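The same chain A turns up in both complexes below, where it pairs with chain B and then with chain C.
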Partner chain A sequence: MPRPSAGVLGAAAVLLGTGTSLAGIVWDVQWHVDVGPDTFFTLSHLMLYSGSAIAGLAALAMVLRATFAQRAGRTADPAEGGRTVRVLKFDAPLGYLIAGAGAAMFLLYGLMDLWWHTVYGFDADLGSPPHVALFSSITVTMVGSVIVFGYARDRRWGRIGLVVSLPILMTFSPLMLNALAELPAPFDIEIVSAAFFCTLSMLLAAGITGRPAYAIRVAAVLGAMQLALWFFAPWASHSYASMVNLPLRDGLGDAPPELPSATPMFLLVAAAVGAGVLAYGRRAGMSMRLLPQLAGAVGGLVLAFSLDLQVPLVGNGPLAAPGTLVADALAGLLFGALAGFLAWRFAGLLRGESRKPIAIVVPGPAVQGGLA
Partner chain B sequence: MAGFLLAALVAVLGAAVPAHADGAMSGADVTVAQSLGDRELTVVLRRVASLPGPLHVDVLAHAGSPAGTLRLGALPSAAGAPSSASLTLPGTPGPVPAVLRVDSAGPWELTIDDGQRLARIPFVVHAQSMSPAERWVYGGFVAAGLSLAAALVVALAARSGWWTALPGAGVVAGVAVAVTAALLSASQPLPPAPGEDLDATVVNAADPYAGMPRGAAFSRPPVTLTVQRQPVVAGAPATVRLRVTDAATGLPADDLVVHDGGLMHLMVVSPSDRLWHLHPIRTAPGSYEVTFTPDAAGTYAVTAEVARRGGGVQMLRAAGGFTATGRTQDRKAEPLTVRSTGTIDGVGVQVAMADPVAGTPVTLRARIGDEADLQPWLGMLGHLIVAGPTPEGDPVWLHAHAMDDATAMHDMEGMDGMAAMVPMPGVLGATLPDETVAAYGPAVGFTVTFPLPGRYRIWLQAEKDYRIITVPITADVRPAPEAAPGLPQIGRVTPERARTGTRDVTVTLTGRDGRPATAPQIQVQAVLPTMGHASPVITGIPRGRGRYAVPGVPLMAAGGWQLRVTAPGSEPLTIPLTVTD
Partner chain C sequence: MISVRRKLAAVAAAVLVVLLPAAPAAAYEPVNIVHTEQVQAGPYAVTVGFSEWPLRAMQSLDFTFIPAGGIAGKSGRLLLDGPGIDADHADRVLARHPRKLDVWGLDVVSLAKAGGYTIGFRIDGPQGPAEGRTQPLPVLAQPGPPLALSWAICAIPIAGLIVFLVVAWRRARPSANLVPLAD
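Up next, the complex of A and B:
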């Protein structure tokens, strides 16, 4: 068995960090729901903070590796953190630079969070400014991880990493998007923003790899992750509560686990529809300037509508009023189209072909147009 | 950085004590029973979550409390702005909410005014505080974040990559400090609680770690209870005023803390053998008063249970009690005997207890009503007040709390076919819900030891339909058979550490002469002194070489337990047993 390259190790370490952060936050949110405010630094907080520390250290190591190589006169492998950007004296791998900056930001915002809790108490809202800053910082690290794998799309590990790092980002996204919930909008902003973000993420996978099927793979991994976290969250919070001898809250019903129940359950449907539109549109010879928006619109519509259905299905509340359902679906359609547009632009950036629309590979007669 | 890490380790490991789970530090809910005029109220002060912020107060009136309006106030003792609110009691039992406002940490008083009298309940508003361990955690992570940012800049700017090692090491050290402190933060000892262990001040309520005394003793001298002499007439409402003074200085003792859901539990026994279990209101520092209607002329016995700040519940007896004039009560309420049934306030009650012998633990089991609808009162399923031997002026007073249903059910003689029990956590140590949850019983059990022979008066109290059912019982306690006190023995228990639950243990007894004990059986009782709880007696079976198997020892809560072992022909032994969760 060949020795794994430093590129794999660095990318895997950042992914481990973001995965740790995700598990930590899922556990922590459930802990606050099931047990109550923290009276000490909990293990879930430690996991959350350690995740950023792991990702940050790994990113730092990879940036150092790149700059050491340049000092020695070598050029870095573009698959190791990808395209480099000139910062100060050296070219730094973009993905690791972003991941590292996000991790450093997260650890620093911990201080702001501490101050906020001292002033406003331990029951502060999930959407408090330092929380939004912390969640955004984690998101930045997760985006860095996606960029790292996106640049390594030619390697098998790069594509595997992509279909894992994107679902991590998607599972985490409701926390960050929660900050938008207070904005006035004629539709359910949390549902539509989740539809937008998930459409963007799965089409990004299709765009980066040039294969629509990757949207489906991302959705499948997300589903598996949701299932695992569904059981992990209550188990972790209950067993930790019994370990440190704290009682569960009175009157805990059979509410579904907080964060996993916010993950779209019907993403596979949306992904299949979106990927289908991409594949068949391409085969039918449609322009790639329009196709991503179309796929995004259809995916966004399915997602917004299915997320509305998911609320009563998991027992999080009643079905929204018909007017809201229509508004959500329409907004999902529009924001889905925007997500499709952006996904293709972002994918183009990662592929270094921002000027030219990305072609896609579909099985069948149209294969020759592909970019395998 | 390495020095920091070491310092953190030493500081935190130096005093590793199990975490307290009651969370008094962050301010738990406080429940205080108040006998305000002719109303019996349970006042719940909810945890203050933020400062300035709302103080949610629930006032729960018991059955029979008249409708009316109460004026509530939050009054700072040191710093802050007062606030007030009023609430209307509907005349039916149940909780009524009110919201007050508190704006600074420190000692406060909740005032309840019914138009005629003012109850002043002291409470402490705690600020959010952070333990030193948590400061190390956040400090470590922030240092790691700063170092990480610096390391990224240095990596991209420095001529030599080795310069990165400096901030890079900072990241590693910061993370190491933070992780270490985080893992230790749960096991760090809590500082003395302001209001519980120490007098609350604005400073220690804001940060209990500030100037935390180490190894200080918190215990205070006992207090003296006196009843103010004033005319009391049977048949008319009477106000009894009580003073609590420090037994050393004679100053008013204004540091009573809430224990068992009350500032002061007052037991008044009338010449007609009726018991009142009241919760006098605090009207001024060290001054308490309570209103009740005496039923007969004669001398009333008065005892009070209080806990002084710094720890330790004490039972106070007001010498001489007080005397009521007026009509005499000819008919005494007919108490139940130790094996009988009766009807109290329309509720069927069954009582069963083996014939008691002085000095021997005995379990009294009762069944109140037919359904599992008893409500926890003062944090317990039931209270047992014992006074006796009566002709000798009641030298002995006891106050036992109910064991859990399972223990109460345990071989309840002559009372088979009980209704199915709702599963509940052991009463001890577990968090019982508040009294709005009517889901317990109908069986309750108490294990007590009558120290002296003679006639005892017993009152069993439990709550049903927001009404306190008081069951009077008399018991004649036989003298213990004369037995030559034997030599003490040496006792060991295995395991010496047990987990909570019903456990089988082995007791090994050795005589002073080194020979294993040969008694055909031993009697064992599990006692949790901090809770004042004693289990029913369990018989240990000999297993040879002085070993006795003791099956099914109910160890319901974590803590320092004792096994009280009695073997024929030797003095009773107390063997400590540590119980962990």
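Up next, the complex of A and C:
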């Protein structure tokens, strides 16, 4: 059996870190719903911290490896995290630079969160500023992971990593999008923002690989992840409560697991429709200036409508009023079109269809090549 | 293979060494009541306890609700009203406090906005159903720096990601050469 390359190991370690962060937060949120009491050192918190630590250390190792390779006169392989960017005296592959920056920010905002709790108490408010900053930092690491695998799209492991790293980001996204919930909008902003983000993610996979079927693969992995977390969340929080001799809260009822029930259950339908539009448009010779927006609009419409249906289906509340359903579907269509537009251009950034060099973070004179 | 196992065992041992000292710190804080208010809900006298006083917006605290004679044989609903209470939290089942199981309560809950809040109870027990509320309790302005400053500092990660995308977009101009679909 051939030894896996350092590129595979680095990318897999960052992915392991992001997956650990996701499982940690799913467990922690369920813990607060089902049990409650909190300390800095609950097992779910430790899992959350170790996720960023694993991803951050892996990213640091890959940056050091690229730096030493560069100094030894070897050219870095762009499939191992992307073209390198000179930051201070390091030559950092772009994907690992972003993943590592997210992990470093997680550490800093962790300190701020500790201070916040001394002023405001040990609140379990997901929407407090330091908590949103911590979730943003994890999101940045997850985006870094997607970039790492995006650059390795020509390798089998790169494509496998892409269809796992994107669903991890998508499952985590409600924590970030939750911060938008208070904004005034003529539609349900949580439903439409989830439809936008998921449409963007699945079309990004299609754009990076150039194959519509990858939208469906991303949706299938997301579904499998949702199913696994659906069982994991209550099992982990109830087992841990039993281990530390704490009772479950009174009056829990039969509410579905908190975070897994926010993941779209009908993404496969939206992905199949979106991929179908892309495949049909390609055969019909449609311009790529229009086709991603069209696929995004249809996917966004299906997703927004199905997310509204999902609320009563999983027992999270009643079906929205007909006016809200129409407003959500229309907003899903418009934001879906925007998601398609953005997905294809972000994919272009990763695929490097333009070879114009780019400077991302340039404290020194040297920039080692383009974004691609 | 053996060396991989040895390395894994070493990593596991290192993790245990780091985590074991943390175990004593995992003890849950007791509920420490520093102020009480009385509510009369029909025949039921309820003592409302607060772990912080005065109350301040966004500052989390423990609440305890103790009917005279204890909670055994009684059930009911907690009725909250005030500027920071949304419809989902205005009326809920009276549940035991997770860290003080002999009384009803709320653990580490904060009130979002400053203003006057009432805490009420609809209790059903041996003396029949009854309802009562506190007088409006003052909740002072939030402690700490202005919220806009906190948000500005905490928006840096996501703002940084957006700036990165904008810079990358401006340099690479991806619209000029869109990704084709493979055959």
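By our rule, the second predicted complex is superposed on the first by the 344 of 372 C-alpha atoms of A that agree within 3 Å, B and C clash if a C-alpha of one lies under 4 Å from a C-alpha of the other, contacts with A are read in each partner's own complex, and residues count from 1 in each chain.
To be clear about the criterion, a residue touches a chain if its C-beta (ideal position, glycine included) is under 8 Å from a C-beta of that chain, and two chains touch if they have at least 3 such contacts.
The shown structure was predicted, so the numbers you read here are calculated from the model rather than taken from an experiment.
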State whether chain B and chain C clash or fit side by side on chain A once the two structures are superposed.
clash
In the overlaid three-chain picture, which partner chain does A:Tyr49 touch, first (chain B) or second (chain C), both, or neither?
first
Quick check for you: in the superposed arrangement, does A:Phe41 touch first (chain B), second (chain C), both or neither?
both
After superposition on the shared chain, which partner residues are touched by A:Met176: those of chain B (first), chain C (second), both, or neither?
second
Which partner does A:Phe231 contact after superposing on A: first (chain B), second (chain C), both, neither?
neither
Using the touch definition from the top, say if A:Pro247 reaches chain B (first), chain C (second), both or neither.
both
Could you say whether A:Leu60 touches chain B, chain C, both of them, or neither, answering first, second, both or neither?
first
For A:Ala92, decide between first (touching chain B), second (touching chain C), both and neither.
first
Going by the contact rule stated at the top, is it chain B or chain C that touches a larger number of residues on chain A?
C
The intersection of the chain A residues contacting chain B with those contacting chain C is 37, 39-42, 46, 101, 105, 120-124, 244, 246-247, 250
Chain C residues touching chain A - in the complex, by the definition given at the top
19, 22-23, 25-29, 52, 58-61, 93, 95-96, 98-99, 101, 107-110, 142-144, 147, 150-151, 153-158, 160-161, 164-165, 167-169, 171-182
Which stretch or stretches of chain A touch chain B in the complex?
37, 39-43, 45-46, 49-50, 53, 56-57, 59-60, 63-64, 67-68, 71, 87-90, 92, 97, 100-101, 103-108, 110-111, 114, 117-118, 120-124, 242, 244-247, 250
State the interface residues of chain B toward chain A in the complex, per the touch definition above.
19, 21, 23, 25-26, 49-51, 53, 128, 130-131, 133-134, 137-138, 141-142, 144-146, 148-149, 151-153, 155-157, 159-161, 164, 168, 171-172, 175, 178-179, 181-183, 185-186, 188, 431, 433, 558, 581
So in the complex, which bits of chain A are touching chain C?
35-42, 46, 98, 101-102, 105, 109, 112, 116, 119-125, 128-130, 132-133, 136-137, 139-140, 143, 176, 206-212, 244, 246-247, 249-251, 278-279, 282, 288-289, 291-292, 344-349, 351-354, 356-360, 370-372
